[in-house]
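Input: one structure, supplied below.
Chain IDs A, B, C and D follow the sequence of writing; residue 1 opens each chain.
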Amino acid sequence: MPTEQQADEQIARTDERADAYVDLTLRVRYAETDQMGVAYYANHLVWFELGRTELFRQRGYTYQELEEKEGCYIMVAEAHCRYHAPARYDQLLTVRTRVKSARSRLLCFSYELLAEDGTRIASGETLHVITGRDGKPRSLPERYRQALLAPPTAGLAPTTTE
Amino acid sequence: MPTEQQADEQIARTDERADAYVDLTLRVRYAETDQMGVAYYANHLVWFELGRTELFRQRGYTYQELEEKEGCYIMVAEAHCRYHAPARYDQLLTVRTRVKSARSRLLCFSYELLAEDGTRIASGETLHVITGRDGKPRSLPERYRQALLAPPTAGLAPTTTE
Amino acid sequence: MPTEQQADEQIARTDERADAYVDLTLRVRYAETDQMGVAYYANHLVWFELGRTELFRQRGYTYQELEEKEGCYIMVAEAHCRYHAPARYDQLLTVRTRVKSARSRLLCFSYELLAEDGTRIASGETLHVITGRDGKPRSLPERYRQALLAPPTAGLAPTTTE
Amino acid sequence: MPTEQQADEQIARTDERADAYVDLTLRVRYAETDQMGVAYYANHLVWFELGRTELFRQRGYTYQELEEKEGCYIMVAEAHCRYHAPARYDQLLTVRTRVKSARSRLLCFSYELLAEDGTRIASGETLHVITGRDGKPRSLPERYRQALLAPPTAGLAPTTTE
């Protein structure tokens, strides 16, 4: 177990390599459009979650595993989204997800939603607390937290400098 | 416990009073429209479920109670919807739900979706099996089944002949 | 047309009567729950929109009218939600919506999501720009903006001090 | 333009090569689960639509193109789904879509939803009418209809005998 100070250092290191991200590609569904002819604004939070899920997977585990084996639930405490450009039906979008910070009881992720031509569709952050099956706060087991802080597995998630 | 024959008679009686229904009113949400300017076709199944939920409530209990107290889950086995006219944003719709049959292991509901002026937007049926927490088939406790077959509580659900 | 200064004064007056809100009640749908047994976090933005729609209606007009008659679209530029407590299936929730500011090209709404016992489920804000059918920014016609700033119609929306 | 008889022959030929299908893979989203721990039943219609969209794409065109260039809207007239086994979070599912019939004013698609191990999750059909921007029935331009009847482009959609 790292001391609180060590934990802080790790967060600092995460921030230093803020260029580490995981990309997931999705296609805007007809069901996700509204009568304005663009994707409805709540879908962006669904897409952020797909990116978050993919990040976990690339770091070697899944939500499902966390819930079933560890009884750990990643509850959303806060979500924020800025809408830069409309997303349209059938468009291919990339969700670019980063671990912004990973303390034992508090996780923060940031997201960019990009069109194929690089246009920034949206950006956002989500803040999460860890709870047990009973809904009470608990800590994310250290090996999961470490995995979130580790650089993405070589060959799976490209680590580039934008 | 009724014998199988008695159960059949009850189903027959239900069919005889097929004019017994429960109405629920909802307003079409912006999120439910698509770029065609009408409600996306999967929402009708969500609305059917609201009608079904309301029917349970009018008969004196809730899904939640069934799940929590009885460990009974109403799993969908089949769903069918005919789309007669488009539903539009902000329209007030009535979901009219009927118990088509209620055997101990198989429930069938029928639905009509009506606009304020009486236009029939959609109609459909859903077929359900009862399962336990383990996903295995089981029987709906008899008192719940009886309640589904009972006429709606006076004053709550209007029983009329169309 | 008010001058820019007058517009600012009106915003100030809105802030002064920040206790003016419109309430809308909804019931959490089964479709809105996730396997954690609580309402999925993107639904809160859908519910905020229901509150926003109701506020427009209480001020005497509808989104639909704005879109069809005026060719005015209220595009979301930013959304923020804080999740205080989980919302559960079949729970009755109140969306309490306030106009935070209403400039001619920028609208800001704030929301509280409350359980029947007064528990605060969530709170949030959305920021909107007005666009035409072509997606280009334009002004909200003054009479609509004034209506947003007006106190809610007596008898429709309760104006109380919390 | 084929005569009505020729059209019937083409439908017959389509039926003869009923082994022609297009596969699309998707992953069950957290947002799509409900508190029963399985995918909510309305999502299957959304997934069917993803399969349908992909079939159009594999035949050389897109919904978007049909709507924008031809002013043709594929309205759903009927949908039917049988639920064979629950779909769970994070599962990879294949939507296998077939053109069941393609008359000039009426399209019918059939779907199978398969898990990675071949388990049949669901199966269904949708029936569609073609309308113009005004909502009135019209014919699907013949070249689009022909494309739907054509065998899938070699290399893109595998044509196999099950």
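Here is the rule we go by: a residue touches a chain if its C-beta (ideal position, glycine included) is under 8 Å from a C-beta of that chain, and two chains touch if they have at least 3 such contacts.
Predicted model only: the values in this text are computed from it and were never measured.
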| item | value |
| --- | --- |
| Listed pair (B-C, A-B or A-C) duplicating the C-D contact set, over half by residue number | A-B |
| Contact-richer chain pair [A-D vs B-D] | B-D |
| Gap in Å, rounded to a whole number, between the CA centres of subunit D and subunit A | 32 |
| Computed distance of Cα centres, subunit B from subunit A, in Å | 38 |
| Where subunit B and subunit D are represented by their mean Cα positions, the distance between them in whole Å | 28 |
| Subunit C: positions in contact with at least two other chains | 30-31, 35-36, 42, 46, 49, 89 |
| Subunit B partner contacts - residues on subunit A that touch it in the complex | 30-31, 33-38, 40, 42, 89 |
| Sites on subunit A touched by subunit C in the complex | 35-36, 41-43, 45-46, 49, 67, 73, 75-83, 86, 135 |
| Subunit B-touching residues of subunit C, taken from the complex the two chains share | 29-31, 46, 49-50, 53, 62-64, 89-90 |
